[in-house]
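Each in structure tokens, the structures are laid out below.
In the two complexes that follow, subunit A is the common piece, with subunit B as its partner first and subunit C second.
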Partner chain A sequence: MTQTVEQVGRPPVRRAPRRLPYLVRQLITLLVTLFAITIVIFGLTAIAGDPARDILGQYATDAQVTAFQQIHGLDQPIVVRYLEWLGGIFRGDLGISYQSNGPVWDVISPRLGPSIVLVLFSWLLTVVISVPIGLYSGVRLRGHRDAAVTFVTLIVAAFPEFVLGLILAIVLGVWLAWLPVDSTAVSMGGLFDSPSAYVLPGITIALGTIPYIIRLMRANAREVASETYVRAAVLRGVTEPSLSLRHILPNAAPPVVTALGLQFAGLIGGVVVAETLFGFPGMGQLLAQSAASRDAPVVEALALMIGAVFVVANLAADAIVVYVTPKLRDAVR
Partner chain B sequence: MTTQATRVPAQRDGDLAAEGLSVGYRSRDGLTQVLADVSVRLRSGRILGLAGESGSGKSTLALSMLGYRVSGQETLAGRIDFDGRDLDRASIKDLRKVWGARLAYLPQDTATSLNPALTIRRHFIEGLRRHQGLDTEEAVRRSVEWLGRVEIPEPETALHKYPHQFSGGQQQRIALALALSVEPEVLILDEPTTGLDVVTQAHVNRLIVALARDAGIAALYVSHNLALLATVCDELAIMYAGQIVEQGVAAEVYAAPRHPYTAALIGAVPTIASDRALHGIPGIPRPSVPVHVCGFADRCGFRTEACDTDIPLVTLAEVRSARCVRLDELPPFDPAAEPAPATAVARSSATVDKDADTILTVHRVGVVFSRPGSGEPFVAVDDVSVRVPAGRALGIAGESGSGKSTLLRSIAGLVRPATGTITYRGKELAGLAGDRPVALRRSIQIVFQNPDATLNPRHTVYQSLERPLKLFRPDIARRDRRDAVAAMMRQVRLSPDLLDRFPRHLSGGQRQRVAIGRALLAEPEVLLCDEVTSALDVSVQASILELLVGLQADRELTVVFVTHDLGVLRAVADEAIILQNGVIRESGPTARLLRTPQHPYTMELIAAVPSPERSAEFLGGGS
Partner chain C sequence: MTADVLNTVTAADVAAPRQRRWRGFLAIPQGGFGVALLLLLLLLVVIGPFIAPDSPNEISDQPILGPSAQHWLGTDAYGRDILSRVLHGGASVILLPLLAVSLAMVVATLVGLLSGYLGGKVDSVVTWVINIALAIPSYLAVLVVVAAFGGGGAVVVTAVAVVYAPYITRVIRSATQAIAPREFVLAARARGESLGWILFREITPNIGPTLLVEIALRFTYAIMFIASLSFLGLGVQPPSSNWGVMVAQNRALLLVSPVGVLVPALLIGVLAIAVNLIADALTQFFGDRIHERLMV
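Take a look at the complex of A and B:
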């Protein structure tokens, strides 16, 4: 304390530094996170070792290996390789695929559309199924019927996606023959020429997250339903559906919105499994194939895209939570 | 007022009455009866006060009278009469027609009575459209009118705000306007001003009474504060263990209680008016309805063998009844008398030792916070200087936001003052407790408002109490710790049998005793108390205050006690300071300060204290 005697007692009133607007702060977070992701992805593929030998086969001559390394710049120090890769991303150049020897973008681009449609479809399916069921069972169901919902979600959650996918394929595809078991048709014709090919993989992916979202929605709805303001609303004569939709849902939704953002990661994990299972020509299948064949540039590009989608989805979920919660809306200003 | 109160209006439409109501809760352990043969009638234009400790069944009765049942609740006998219909057996469809239309409910917690996700407008027009058949435009007009009536500034703008954008008192006034906007015939208020500041509390209570009387509403006002009820209500019903133990005209019941429990409750409410001793009620209320015994018997000083039977409610006058077998034998109520077996400690306020050494000096201390969100600086404590004499009790009073807790926390070293110094026995204290030497940390201990938040729920009572010994008392050998802890348990009047229990097994009052014991085990010279009784029932509060006053005297402890309740201030503090907006408005010996206040703010605070003797003045005040 170096104040003079006159200043003692009256606290000095200093303004705290102004904070940047919420959206700008979020955007900075986004860029920093993406930058960190590029380091991790590149680091991990580098740790995996030199792919030349794996790709050229054990009978390749040393000269062939050296040539491969020169073509793909593998003889450079890792920092140089990383900076070149990073620079390439900014120029829209994702590198050359080890397998096709063509640009990575040409390998990925035909698969982008189908996968985006598939993920959005399964995500919508998750929302449309989980939120109403969770809300209803949380607010209205008690006793055995409530326990039944919890039990079924637990059973579904206990099955891995490939088992669920197989069961669905057998029941809906083989016994009932309603849907094609093989989704390769998607690669032919336009994006929406064979809609039925999306259904089985879509449901399989959604079933991986639906039980989780139902349970979360149910738990939150139940908690909110026991709040004083809900009892007060009931005693003001508020009836269903207004009670659930207007008084309970907005207060119970924020954690679910956050989870739906986080679950994008779960969905993408499901995409790899479901696409491989149903022969769906998307990015998940490509990721699995490229990883198996050590096609590092393709894996890196796909991982970066998935990472970007994940980060954006989470930040979007955060922003939505802030937007729908009046209290937070005031706090972030 | 007395003439009006003794006249009993005839039964009429719009009256709501519980008739011989018995209610139980069914759980895994079977049925627990919580209400037994309760009869109360709410009459148009009058307010019935329902008093009782936590767990007495008063909230259950309040909700039951609306026909509302919580899960597991069963009606065992009786009915809820409304217009000749039994609400208890009405269908949910019929109930929804009267809920929020003819029957209105104002719940306890100001912070949770309004939905945080909805605008004030949405709260209002929902009910007005449904129950009054108004179109949106008309509903908005009516809402604005009501918001104005409860003195919300700029009602048109207020409509588009969310609940959190208002203060606690404003929120409760909005909730009141919301309940009254549908022009109900009956209003049920469950502790509507608990958690509000004294001044705000008085303001909301005045509004409640004025608006309810104006509209000829029949109201039920539930509270554990008997003095408050006696001030604002026409009639009183005292509830204990699910039974009405006394009922009558408010002023008469308060002035001359007939049931020992009523008398005990009155004795437990701290007042600012006199040196009357504060008496706790020993023991804890029984959780369910008594069978073949008076419910209050185990805590009553007048118990005889005659009490071991089912006690009927005896009608004493037209609107006066009491449930006690010894009504004719008991001595008349004397507020100054010692209660039969219980101990009580009165503060001798006359003898303030002028020569007492100063143990703690707060010199020109200022504390600044930045507001969350905006980051705006905010002066919580503004140039405050206080001298705390050794071995005495200093009270700090004020409303929330007055900086009283912040001042206490800066003494404790929990917030760092921006300016000024705090000296302890002539040595300057470091701003934060972590920078102070262990011996000093030991000497200054603090007890907080909410024991639930300060006792680790996963530690047994013993583990919590052993901690200060480990930290501060190397002189006590490990094997002697248990004895030291047990001795402290007896000092705070807890059974050492409770040592291996967890906090959840203890009542709120018992937990606060543990928290006090934990602070005392460090052998402090200064004990800082931050609203240590405001989360407790009045009867429990009285016994905690008794304990503190006794310990303070026995141990020659210096106590700094923060409270918003001037009655509590009077009961514990030799000297007091009144804070407002971080500035000291007045200071001096407590008794003198409260008897002859000099500052207008002190007068305002005193006027806000409910006082049954000056009921008309209280209700008319502020207008």
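Take a look at the complex of A and C:
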């Protein structure tokens, strides 16, 4: 009683509605997301109410409170404040800090360079360490050694960054005294004058993402390695390292590329924690300090900048994946 | 978004409820080891306050001592006995994340079941909100909340719950979608069962294992996240002897007495490892693949 395809009839072919080109759609998503982020960031601070009393302390006079509200535009209706804030961003005016009473940009700008260098360093570290280990353990390792890799990544992944950083600081900084446990030196002199101050925070941030990427790379490499075309390549006499690098890696890479883009989110937490732990004068430390001292304008500006980088990185990773994967390239058209 | 083409979840990915005994769970190395570690830590946290030699906030005139017979882990900058503080400080490290995850689970289960089962407009709206929420990094959202409302345990718990809810909703929605077309759900509909019955008596038991894995995973993340926030000075406030707060305060003594920082830090690490091992074992035990598919 089994029916063949002919008896049932093919499902009616439904024409896909006309769609905008992929890149245009991605750009629209980008703008909508950024817009949503500005609303969330501003909305959260706005519904919290007037911070004047909390910032100035309970002994501030009414006149001081009123002056504070006027300087920061807190006496205006919320919609006006939002539009002014948004407009200011386009003019390069990020508002005035509650704590320093100077422009927010002056508080943030000296910290941009060190943080960018630190993030690029740790991101590079993540790629260089986790992709080869993941590929190798996925393709070559079996049994106990494979279990060992899995176990170590599980353990490292379960440690919060500040615990990992502390262990590194105690072993490499205090016991062996190879590296400085304090990175304040970065704020003095040029960006690259004290390279050793970048090492411990850089490794700490990278350790937060490395186990995750190793596991993903390993799982994908293993899946691809069992495909028929890989076995065909083996039969044709293709040997390592060409087998891993030319046949397995390109096919196992796409999800890893997406994840490396997504990992910017993981990096943000790592950057905040590692910079605070090692006294590194960057944006992450500023973000934590400003949140603790309730300096909303600084936190808003930093959150918007970092959020924008995160969204762009995600979409870039998405686009790269789509254009290197033939199956997806056709699917998104 | 685009890569969603890769993340389509099918019924085969949803962990199947099994009749196997829980002894089988403990036989998985991660499971047995994780449960043993967790029980040990719970024991320490529960009886700790009773066996602590001193009160956690008792200030003495002997600050910054290394380990000695009188103070096994030394004293901190205020002369407080570090061992006593460690023994007192575990409860909030476990309870705050537990509270945050429970809150998020309740909301996410309701929304996820509804949007996964009903589909249509409800689902479109929920998916849209989830996609926006996932585009905002967790740390940023929580830091903005703390800047707006001030730090402290209650604010951090609420913020973490709100930030985690979309992630959990996404998992539950996908699992529900995979189960909803199955025959027993159709049969319940044909019988004319109410929406509540279908959601909680037909679908929930079948996505139960997925829920359990999700709870364990989120609990791991929440432990690490909230401990980190306390370390940053945004969560539980001093003079609490919360392990995260202790690490932050004793960080300054790193060069003089590393033990005082290392012990509370390692305890947080061991707690996270224990729960993480349990989550890993649960994934294996139930054969859950949905988390791998959704890359969470």
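Simple rule for what comes next: the second predicted complex is superposed on the first by the 306 of 333 C-alpha atoms of A that agree within 3 Å, B and C clash if a C-alpha of one lies under 4 Å from a C-alpha of the other, contacts with A are read in each partner's own complex, and residues count from 1 in each chain.
Here, a contact is a pair of C-beta atoms (placed from the backbone, for glycine too) under 8 Å apart; a residue touches a chain by one contact, two chains touch by 3 or more.
Note that this is a predicted model, so its numbers are computed, not measured.
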- Query: In the superposed arrangement, which partner chain does A:103 touch: subunit B (first), subunit C (second), both, or neither?
  - Reply: neither
- Mind working out whether A:142 is in touch with subunit B, subunit C, both or neither, as first, second, both or neither? first
- Task: May I ask you to decide whether A:33 touches subunit B, subunit C, both, or neither, giving the answer as first, second, both or neither?
- Result: second
- Go through the superposed model and pick first if A:88 touches only subunit B, second if only subunit C, both, or neither. neither
- Using the touch definition from the top, say if A:234 reaches subunit B (first), subunit C (second), both or neither. first
- Task: Going by the touch definition up top, name the partner, subunit B or subunit C, that contacts more of subunit A.
- Result: C
- Message: For A:251, using the defined touch cut-off, is the partner it touches subunit B, subunit C, both, or neither? Pick first, second, both or neither.
- Response: first
- Look at A:54 in the shared chain and tell me whether it touches subunit B only, subunit C only, both, or neither; answer first, second, both or neither. second
- Name the contact category of A:242: first (subunit B only), second (subunit C only), both, or neither. first
- Task: Could you list which residues of subunit A make contact with subunit B in one structure and with subunit C in the other?
- Result: 327, 331-332
- Taking the complex as given, what residues does subunit A use to touch subunit C? 22, 26, 29, 33, 36-37, 40-41, 44-45, 47-48, 51, 54, 154-155, 157-163, 166-167, 169-170, 173-174, 181, 216, 219, 254-255, 258-259, 262, 264-265, 268-269, 272-273, 276-277, 287-288, 290-292, 294-296, 299-300, 303, 306-307, 310-311, 314, 318, 321-322, 327-328, 331-332
- In the complex, subunit A touches subunit B at residues 1, 3, 7-19, 142, 227-239, 242, 246-247, 250-251, 324-327, 330-333
- Message: Considering only the defined contacts, which subunit B positions touch subunit A in the complex?
- Response: 66, 68, 71, 96-101, 103-105, 107-109, 112-118, 122, 126-127, 130-131, 162, 164-165, 175, 178-179, 182, 364-368, 370, 372-377, 379, 381-383, 385, 418-420
- Can you list the residues on subunit C that touch subunit A in the complex? 1-3, 5-6, 30, 132, 135-141, 143-151, 220, 224-225, 227-228, 231-234, 244, 247, 251, 254-255, 258, 261-262, 265-266, 268-269, 272-273, 275-277, 280, 292, 295
